[in-house]
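Naming follows writing order (A, B, C, D and E), and every chain is counted from residue 1.
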Amino acid sequence: EMTVSTDGSTSMEKVIGSLGEAFSNKYDDVTFTYNPTGSGSGITAAQEGRCDIGLSSRALKADEAKTLDGTTLALDGIVVVVNPANKVNDLSIDQISKIFKGEVTSWKDVGGADTPIVLIGREAGSGTRDGFETITNTKDSCKYRQELTSTGDVMTVVSKNENAIGYISLASMNDKVKGVTVEGVAATEPTIADGTYKIQRPFVLVTKKGAQLSEGAQKFIDFAFSEEAKPILIKAGVVPVAKK
Amino acid sequence: MLKKQGTGINVEQIAHMVFLFLGIINVGFVLVICIYLVIAGLPAIKEIGLVDFLFGTKWASTAANPQFGILPFILTSIYGTAGAIIIGLPLGFFTAVYLAKFAPRPVYKFVSPLIDLLAGIPSVVYGFIGMLVLVPGIQVIFNLPDGSSLLASILVLAIMILPSIIKVSITAIQAVPEEYELGSLALGATEIETYYKVMVPAAKSGIAAAVVLGVGRAIGEAMAVMMVAGNAPNMPSLFESVRFLTTAVASEMSYSSGLQRDALFSIALVLFVFIMLINATLNLVLKHRGKN
Amino acid sequence: MQNNLPLRRKAYCGTMNFMMLLCTGITVALTFFLIIYIAVESIPHFSVKILTTKPSYLDDSIGVLPDILNTIYIIITTLVFVLPLGIGAAIYLTEYAKSKKLVGMIEYAIESLAGIPSIIYGLTGMLIFCQFFSLKTSLLSGALTLVIMNLPTIIRTVQESLKTVPQGYREGAFGLGAGKWHMIRTVVLPCCIDGIVTGCILATGRMIGESAALLFTAGFAHALNGFFDALTHSGATLTVALYVYAKEQGEFEVAFVIAAILLVLSFITNMSASYVGRRFQKSKG
Amino acid sequence: MAKVFQVKDFNLYYGDHRALIDINMDIDENAITALIGPSGCGKSTFIKTLNRMNDLIPSVRTTGSILYRNEEILDKNLDVTSLRRQVGMVFQKPNPFPMSIYDNIAYGPRTHGIKSKAKLDEIVEKSLIDAAIFDEVKDRLKTSALGLSGGQQQRLCIARALAVKPDVLLMDEPTSALDPISTSKIEDLVLELKQKYSIIIVTHNMQQAVRISDTTAFFLLGDLIEYGKTDQIFNTPKDKRTEDYISGRFG
Amino acid sequence: MAKVFQVKDFNLYYGDHRALIDINMDIDENAITALIGPSGCGKSTFIKTLNRMNDLIPSVRTTGSILYRNEEILDKNLDVTSLRRQVGMVFQKPNPFPMSIYDNIAYGPRTHGIKSKAKLDEIVEKSLIDAAIFDEVKDRLKTSALGLSGGQQQRLCIARALAVKPDVLLMDEPTSALDPISTSKIEDLVLELKQKYSIIIVTHNMQQAVRISDTTAFFLLGDLIEYGKTDQIFNTPKDKRTEDYISGRFG
């Protein structure tokens, strides 16, 4: 009986959940667990050996990369979402940046109704937030009305509040919320794969440098990068990346 | 004939030792919790500086230039708790007096299981319903851009502490000797006058205990509030999204690292100190009651 | 001497009466609202499938069976540890302890334990069990955290029922030459078994309702495991699952189903506790 | 002599149990009436009927008539608060409220609408003087009444009853919880109060009945066996059962 | 006659309060010794010392010596369970355990290690017969002992005490909670038990002491005032205080 324990990013939930399920279906003798805690904590868990594989929805930072190996499993778009009732369909990176910095506070300034903009963000430490703020150049200056602890939560709030804007992982996208195009480009697999959709970040499998992976963990990583896994990743809404 | 007890250890002595150990172990648990919290909580306070930590008004734990001021959380916790008491206490108190003294037997028999049920509902259920009903409701009623707010948290907390306030108050009121009641009635007071002017004052330390208990519950609640407060680290304001001491810990803990993580443990330490102060107050109240 | 209360007194009594009825009314209405709202929202989503499967990403389906099992596992494990600890401590306090100081200290400790909020239990449980004892994020870590949390409940209820055992029984047993432990085992404990059961039920209720302490210690995986496997793995109880589904994933249907299950469980624990309590009082005459 | 109470064919039931049986009894004004009888004979039940304190027990049912100064008090529509104001009561166990001495006395007048501080001060002082306890407590009116001794507490309760200016004072074994010295103080007090009030007192203490009462009623198992001048009852009882009881042969 | 207990210069303190003062007293074998005296004089305290039940009260301290069949029982290292087995006790309030009648009687023997069903059956039957209650309960040995009447319960407790084959039987007011008929049954029983056991009995009932005891000890405020043959104590008391007490002048 082997076990594979993974721990980390909540935005990778769907991806890793699907992979894990397919993996357990394939090998009867392994138990696969996924603990959706967040990228930061997944990285720490990998470092402290509390899990076999850490899951991060952002690239490892320099000091983290000293002790850890990060392998990019897939690319994920970060979709800027609004309530389906919102008339705004497209925003530029600059507009997004101004909105989240609180410089633009009404939807009418970006072509929408005359209502206040309600900013929904993720909590400090989230890989999604880190990726979004880095790319839109809003690091540390977002004026969030709410800081929520998961992708699902952001979707719920945005879907319930006509004034809200937030950002979520493409993998989790559904029609409860509306994704806006960024500089005319919609977040889709091709646009992410070729880099024309700007707001994207990697999904990374994190392991301890130099440490021997358990048999199960090795099997899982091999599985994740196999041809067999590709359709699963695509179905989960992300763009697979070949193992380097 | 009466055999003397040998020096060997017998079952009775073993039993005594085991039970002694089981009793003492509770003290051990408290000590371990204290020690761990202090060990985990002090480094960040040392690094940030106690004054900056407690009285800083800005919390930006992952910024390039991180800031760790928890005054907004402290104030939010205090305001939120106070608000919950202000709403929950009168509601609970009048209900308790009614149930303890006026309710006809069938009404009492019907309502008291309801209150038990209310007490037994897990806090996340309150948070869940609050999130679906209260938050949108507040947004519409007060015409706000968003309903997640201190007010929503206060209402959820008020409902959550209601059953414990009711139950403790009922016990306190029922414990008042009947002689006071008779004495007052015999002077020509009506039943309502009797209950509110004699029975309730006589039960006041018990009711005070109920309040302190409610404060403890409200200040320590995390999950339910997390679902309705919005969790932005703002200075508290009734219609703004806010973060409590508990939710500050809960929302960032799983993502945290380094000084941020240490600072979260420091917040937990602050919360713990608050709770210990409240417990000490409760003890005083109860002791005072014991004397009367 | 017909009814001629002065207006001022009439007004006072009227106001107070009105306030009482109003507040009781609000409380009752609130409870009914909760019950009905949850019932209405959850009943359409109840199905055999949701109760008997685990969630699947591949099929895009949701089931709460793992959460139900995890809840049961964690309750059993917690009770296994907390009962001997709690009953033992209660016996020490009521039957053995002579030193007032020691009793005071232990009771203060128990009071403190009772007052500590669950989020702090969650944190210290994480530090102590998950990290220090390297039990990782697992049901066992969660259960051990709950053990400490629920000690005060068990100790208090057992103490209460120990105190109701008539002193005459103890004297009678001693008078026949029984030792203390023998006396406790053969006379006192059988007498307060109902009290112990009540304590268990109350503690079970608390465990079912707990979330904050489990989030960091037991985690929230929805894996379907056997008892011993589950103990070493992360797993969500119903309450944690409700939080995760409602808050993190926006899956309200299943959240309502869980809320309804929790409501029913809460009702059952209350009813059985008061049933046992009543029987207890009857047997004590 | 004028009558304060006129009891006619009065019966009282606790559920099915008839605790008082066809009582007929007129009670004198400005006199002390003692009720005696073995435990459980219905003395407390009877005295509590006179200010309708029995209303608190749901199972109680009554028949017959009791007139207080010619008004029917068994009437359902009667304003019991005003009856109780005029027919004050002192209980077996002293029951001061857990407030200051002053507030205990002022409780009744305040309840009945007196707000003026000066007026209240005056009533408190007068009641305490009348209850022969003023000198003992005058320096600590603001301290808790629970700090007083049992005898002082009982006199405080009497003062509290006097403060609402009652007409009749009912006393249910007011001295049975007290030591002999406190008892004799209260007996002196009762004798003095007789000038202004009509007093009905339940006692288990034959000597006490002889020492203080003008008339005595002897109850047995719910029946009023004999009722008359105290002298006559104790010296030349008409009924064998009265004689047996006062000579200690049963009870 | 042989002595079961020899008490020498015995003092007992509850904290600072000296509840028994310099007691000297030898207690006869196969006799009934009655302890009398007003409430609070220390009778219960004394009787409980004889089987060290006072150990349960933390504040108790003793000086002096008590020999039971020439062994010191105040010794710290004494095996109290074996002392209590030999010196059985019956309490004022019947205290059967909430188990079946059979289990009540079997409790003691089981505690002392007897497991065999046949042996237990025999002991139970014999003890019930000795306690003169066998006929009344023989058909319902497996039913709860709490269903018995007060008098039956007390005889059951006596049977329970007999089941461990004691040498001495201490009885602290064993009939004060009972009706006259039960009382006389227990008195008869005690007189019969005297053949086999030494009995020490506390009683408030002078008549009872006269009826059943061989010797009587009169306690007053912790002092053993007078101790001697029951006849002599009740007919020609040497001490004025004893005389006062038995003639009912105080207590």
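By our rule, a residue touches a chain if its C-beta (ideal position, glycine included) is under 8 Å from a C-beta of that chain, and two chains touch if they have at least 3 such contacts.
For each chain, UniProt lists the protein as follows: B = Phosphate transport system permease protein; C = Phosphate transport system permease protein PstA; D, E = Phosphate ABC transporter, ATP-binding protein.
These figures come from a predicted structure and were not determined experimentally.
*Asks:* What is the touch distance from chain A to chain D, in steps?
*Replies:* Minimum step count, chain A to chain D: 2.
*Asks:* By that same contact rule, can you tell me which chains touch chain B and chain D alike?
*Replies:* Touches both chain B and chain D: C.
*Asks:* Name the chain whose C-alpha centroid is farthest from the C-alpha centroid of chain C.
*Replies:* Max centre-to-centre separation from chain C belongs to D.
*Asks:* List the centre-to-centre spacing of chain C and chain D in whole Å, with centres computed as mean CA coordinates.
*Replies:* Here chain C and chain D have centroids separated by 52 Å.
*Asks:* Between chain D and chain E, what distance separates the C-alpha centroids? Give it in angstrom.
*Replies:* Using C-alpha averages as centres, the distance is 46 Å.
*Asks:* Could you please state the distance in Å, as a whole number, between where the Cα atoms of chain A are centred and where those of chain E are centred?
*Replies:* 83
*Asks:* For chain A versus chain B, what separation do you get between their C-alpha means, in angstrom?
*Replies:* Computed value for the inter-centroid distance: 36 Å.
*Asks:* For chain D, jot down the residues that touch at least 2 other chains.
*Replies:* Residues 81-83, 111.
*Asks:* Going by the touch rule set out above, which residues of chain C reach two or more other chains?
*Replies:* In chain C, 5, 9, 179, 182, 247 touch at least two other chains.
*Asks:* By residue number and range, which residues of chain A touch two or more other chains?
*Replies:* Those would be 37, 149.
*Asks:* If we count contacts the way the header does, which residues on chain C are in touch with chain D in the complex?
*Replies:* Chain C residues touching chain D: 1-6, 8-9.
*Asks:* If we count contacts the way the header does, which residues on chain A are in touch with chain C in the complex?
*Replies:* 3, 5, 7, 10, 13-14, 17-18, 20-22, 25, 31-37, 48, 50-51, 149-153, 155-156, 159, 176, 232, 236
*Asks:* Once bound in the complex, which stretches of chain C touch chain E?
*Replies:* Result: residues 98, 166, 168-179, 182, 186-187, 190-191, 283, 285 of chain C touch chain E.
*Asks:* In the complex of these two chains, what residues of chain A are touching chain B?
*Replies:* 37-41, 43-44, 115-118, 123-126, 130, 139-140, 144-149, 157, 160-161, 163-164
*Asks:* What residues on chain B touch chain D, complex-wise?
*Replies:* Answer in residue numbers: 177, 179-180, 182-190, 193, 197-198, 201-202, 292.
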